[in-house]
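In the two complexes below, chain A is the common chain; its partner is chain B in one and chain C in the other.
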Partner chain A sequence: MLELSNITAGYERGKPVVRDVSLAVSRGEAVGLLGPSGCGKSTLARVAALLHRPDAGTVVLDGTTVTDYRHRAPRALRTTVGVVFQSPRLSADPRLRLRDLIAEPLKATGRRIEIRERVDELARAVGLGGDLLTRSVHEVSDGQLQRACLARALVLRPRLLICDEMTAMLDASTTAALVAAVENYRRETQASLLAVGHDQVLLDRWCDRTVSWDVPPPA
Partner chain B sequence: MTAGTLNATLSVRNLSVRFRMRGGRHIAAVTDASFDLAVGECLALVGESGCGKSVLASALLGLLPANAECEGAALLDDGTDLITAGERLLARTVRGRRIGLVPQSPAAHLTPVRTVSSQLSETIRELRPVPRQERRAAAHAAAGRAAFPADHLDRYPHELSGGLAQRAATALALVGDAPLLLADEPTTGLDRALVERTADELRRTVDEGRALLMITHDLAAAARIADRVAVMYAGRIVELADATRFFGEPGPLHPYARGLLDALPERSFQPIPGMPPELGDLPAGCAFAPRCDLADALCGTQPRFDGRVACHHAHTEDPSRA
Partner chain C sequence: MADARQSPLQKVLGRSTRTLRVRASVIIMAVVVLAVVLVPPLAQLDQQAVDLAQKLRPPSWAHPFGTDDVGRDLLLRCVYGLRVSLMVGAVAALAATLIGTAVGAAAGAFGGWTDRVVMRLVDTCSSVPHLLLGIFVVAMFRPGVWPVVASVALTHWLSTARIVRSEILSLRSRPFIDAAISGGASRWRVTVRHLLPGVVPQAGLAAVLMVPHAMWHESALSFLGLGLPAHQASLGNLVQSARGSLLAGDWWPTLFPGLLLILPTLAIAGLVGAWRERLSPRRRSELML
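Then we have the complex of A and B:
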């Protein structure tokens, strides 16, 4: 599903944050990527999500070798991946209502017709009940907002889900609820998962295998 | 827990915070919270996001927005009431000097256009009589106490990882040598090793003769350093317990606290069903009842907090172990 080979990536010329790293996620597999703060695991996740162009190395996503990143990536490839970031506050437009937040990827890809049915279905799946969907982003708690961000990541039915420290800001119960929502989605769709985090206990419990950053990840 | 406990650095008495909203609505963010905190003690305030933990901390520092209404008292050891104290008193004698704040989101707390070193120096200049030429050395020392690497001192906040930004904010909080520290989610976004290091660092400052109120959702960090645990649900403290008993045997008394511990990945990893109630629309009875499998007719009335737990169906300890 995802093959990262000899990826080198960074933000400044000559100062790579990620050096020659390889990682593979097979179809339907859940891989945990474990590493300390600041080791470059989020950068690698951004490369895998086509959000950051690597300086060297190849990314093969769903059998296609990736040549363009960010807005230049072909839509079909971009929508193969769903991403949930660590901080829901920073990844949600504060002016939107949760319903619009979840529906945004559908609007952006010209699939408005699916909005009504899909948003309600996902709201149920991530446990957003009541009038929460009509609330603005600033009117909900971090936990509720992260539920909405997970729904947004799932709305286009991605075949690969990347969770970059999805639960680092959340309490134990919300963490367990979100992981359960991800696993329900994966059971229905056989989607793959790359979960980036620093909590070994959580990743071991959640994923099929956990790759530790300090030993070079096996290809 | 009796009123006026000796040596209490902070005594919170029946503190309630309500926000006035448009249309005459009210949000009851904190209701009737009472606890004491003594020197050399760490109290962990745990609960789900949005349960009122951070509002409680803001109330203690007088940082609530203008539409907040407070009742009750929060007394420092000299009798200063933080709830009724004026802005001038809080700004000149309390914040930074008597209460240090380790903030929830360091990225938002640090000034983005100035280096860490410059922010530390400024804080030192305001709070401590250190001669100008020694300020840089003092900034180094302050950074070292929070395990902030000296070679990153000249960086700007956006150049720091989440963990380093957290440590920079912790270093700022420790500068004024305040006897009471308020840590609002000090370990969010840190990896396990750093959580333990930050927690141990905070514990060390407690053992040096400070009191620490740590607001957190990270139960592992709370288990590591707390002496006592207060569990908050829907704005109320529902359980106040000794940490060893809470995390070990016989475990928490309140069904919500038991559910929270059970949701940990090292335990059964089962979420508590449902979501916390809206603080603007709390039920008349126990706020946890709709999510509780022990709930019955009795739960339609508000359970009284007896100093340990507020629940009609608290987990009963095996009398042979008590």
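Then we have the complex of A and C:
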């Protein structure tokens, strides 16, 4: 499903954050990526989600070798991957209501007809009930917002879900609910999962295998 | 005691200078706007009425601002002049902001080479004095309102473009933009739906601050005889035609148009300052001009 080979990536020329890393996730597999803060796991997740162009190395996604990133990547390839970020506050456009936030990818890809049905279905799946869908981003808690962000990531039925420290800022019950929602989705669709985190207990229980990344942070 | 931190002005007036500044600004702007909007249609007086027997009369009850060198009532002339100047200022500021936002957004959203080329062009343009560029633009057309508007709009969009670009660059690196891209949004959609709405407050602020700039530019052009046609009352034209009588010791034809140029400028600056303080209370605002 996803093959990252010899990836070197960074934000400044000559100062790579990720050096020569390889990682593979096969179809239907759940892989946990475990590493200390600052080791570059989020950067690797961004490369895998086609959001950051690596300086070297190849990305093969769903059998296609990726040549372009961000807007230049073909839309069909980009939407194969769903991403959930660490901070729900920063990853939600502050002007939107939760319903629009979840529906945003459907609008962006011209599938407005599906909005009503799909948003309600996903809201149930991630446990957003009551009037929450009509509230603005600043009117809900972090946990509720992260549920909406997960729903947004799932709305286009991605075949690979990347959770970059998805539960790092949440309490235990919300963490359990979100992980359960991800697992239900994967059981239905056989989607793959790349879960990035620093919580070994969680990743060991959640994923089929956990890759430990023991590189010291760059000095 | 709290008195220790009060300025002498505050002691005299018994309240904070900030409230006072905001109130004064609101009152000035209200008077100016009401005068400009209501006087011409309500008062059926001819601002061009010449009365040579009454020429160069100092301020009196009959003519509160005095009369000019052909006996026209200066209060009426000033109101009409302010009307033209404010109109030119507002339209030109709006146009300049639109141009600046479009250029800044394009540079910020595309990034890379587009950004570098566009911003170097902006730097080049802003290295030439505004007035000189503005004179170039008006010189290409017959004198009138629209060439002046074009002259202001084409020379004053640079600062807005810089502000909008830097705002967009900082918004662009936020995770919610990554999320939108991952959700299949096109570059156009990301710019129009997610980036531009985020810069509206800054662009609005820049537009309001641009109004006095544009008024001053119009007045400067008119004063140099390059702006509005000389017979049309505008603040610049009024000051220009009063120049001769100033040497003879007649101060009122210069003072009142000059005051009407300065007071709305200060009032707008005061209002914008209060607005900025509300947006970010920790930053003490100074008069921004």
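Following the convention adopted for this analysis, the second predicted complex is superposed on the first by the 214 of 219 C-alpha atoms of A that agree within 3 Å, B and C clash if a C-alpha of one lies under 4 Å from a C-alpha of the other, contacts with A are read in each partner's own complex, and residues count from 1 in each chain.
Please note the rule applied: contacts are C-beta pairs under 8 Å (C-beta built on N, C-alpha and C of every residue); 3 or more make two chains touch, one makes a residue touch a chain.
Small disclaimer: the values here were computed from a predicted structure and weren't measured.
> Do chain B and chain C fit side by side on chain A after the overlay, or clash?
Chain B/chain C on chain A - fit side by side.
> In the superposed arrangement, which partner chain does A:Val201 touch: chain B (first), chain C (second), both, or neither?
Touch partner of A:Val201: chain B, not chain C.
> Once the shared chain is lined up, is A:Ala49 touching chain B (first), chain C (second), both, or neither of them?
After superposing on A, A:Ala49 lies in contact with chain C but is clear of chain B.
> Would you sort A:Val21 into first (chain B), second (chain C), both or neither based on which partner it touches?
A:Val21 contacts neither chain B nor chain C.
> Quick one: is A:Gln144 in contact with chain B, with chain C, with both, or with neither? Answer first, second, both or neither.
In the superposition, A:Gln144 touches chain B alone.
> Looking at A:Val83 after the superposition, I want to know if it touches chain B, chain C, both of them or none. Which is it: first, second, both, neither?
It touches chain C, and chain B stays clear.
> Figure out whether A:Val179 sits in contact with chain B (first) or chain C (second), or with both, or with neither.
The answer is first: A:Val179 touches chain B but not chain C.
> Using only C-alpha atoms, work out how near chain B sits to chain C after the chain A superposition, in angstrom.
11
> Would you mind listing the overlap between the chain B footprint and the chain C footprint on chain A?
87
> Quick check: in the complex, which residue numbers of chain C touch chain A?
Touch list, chain C to chain A: 174-176, 178-187, 189-190, 194, 197-198.
> If we count contacts the way the header does, which residues on chain B are in touch with chain A in the complex?
46-50, 161-164, 188-194, 217, 219, 259-261, 263-266, 269-272, 274-275
> Where on chain A is chain B touching in the complex?
35-38, 86-87, 127, 129, 140-144, 165, 168-177, 179-180, 198-202, 204-206
> So in the complex, the part of chain A that touches chain C is made up of which residues?
46, 49-51, 70-71, 75, 78-79, 81-83, 85, 87, 90-95, 104-105, 108-109, 149, 152-153, 155-156
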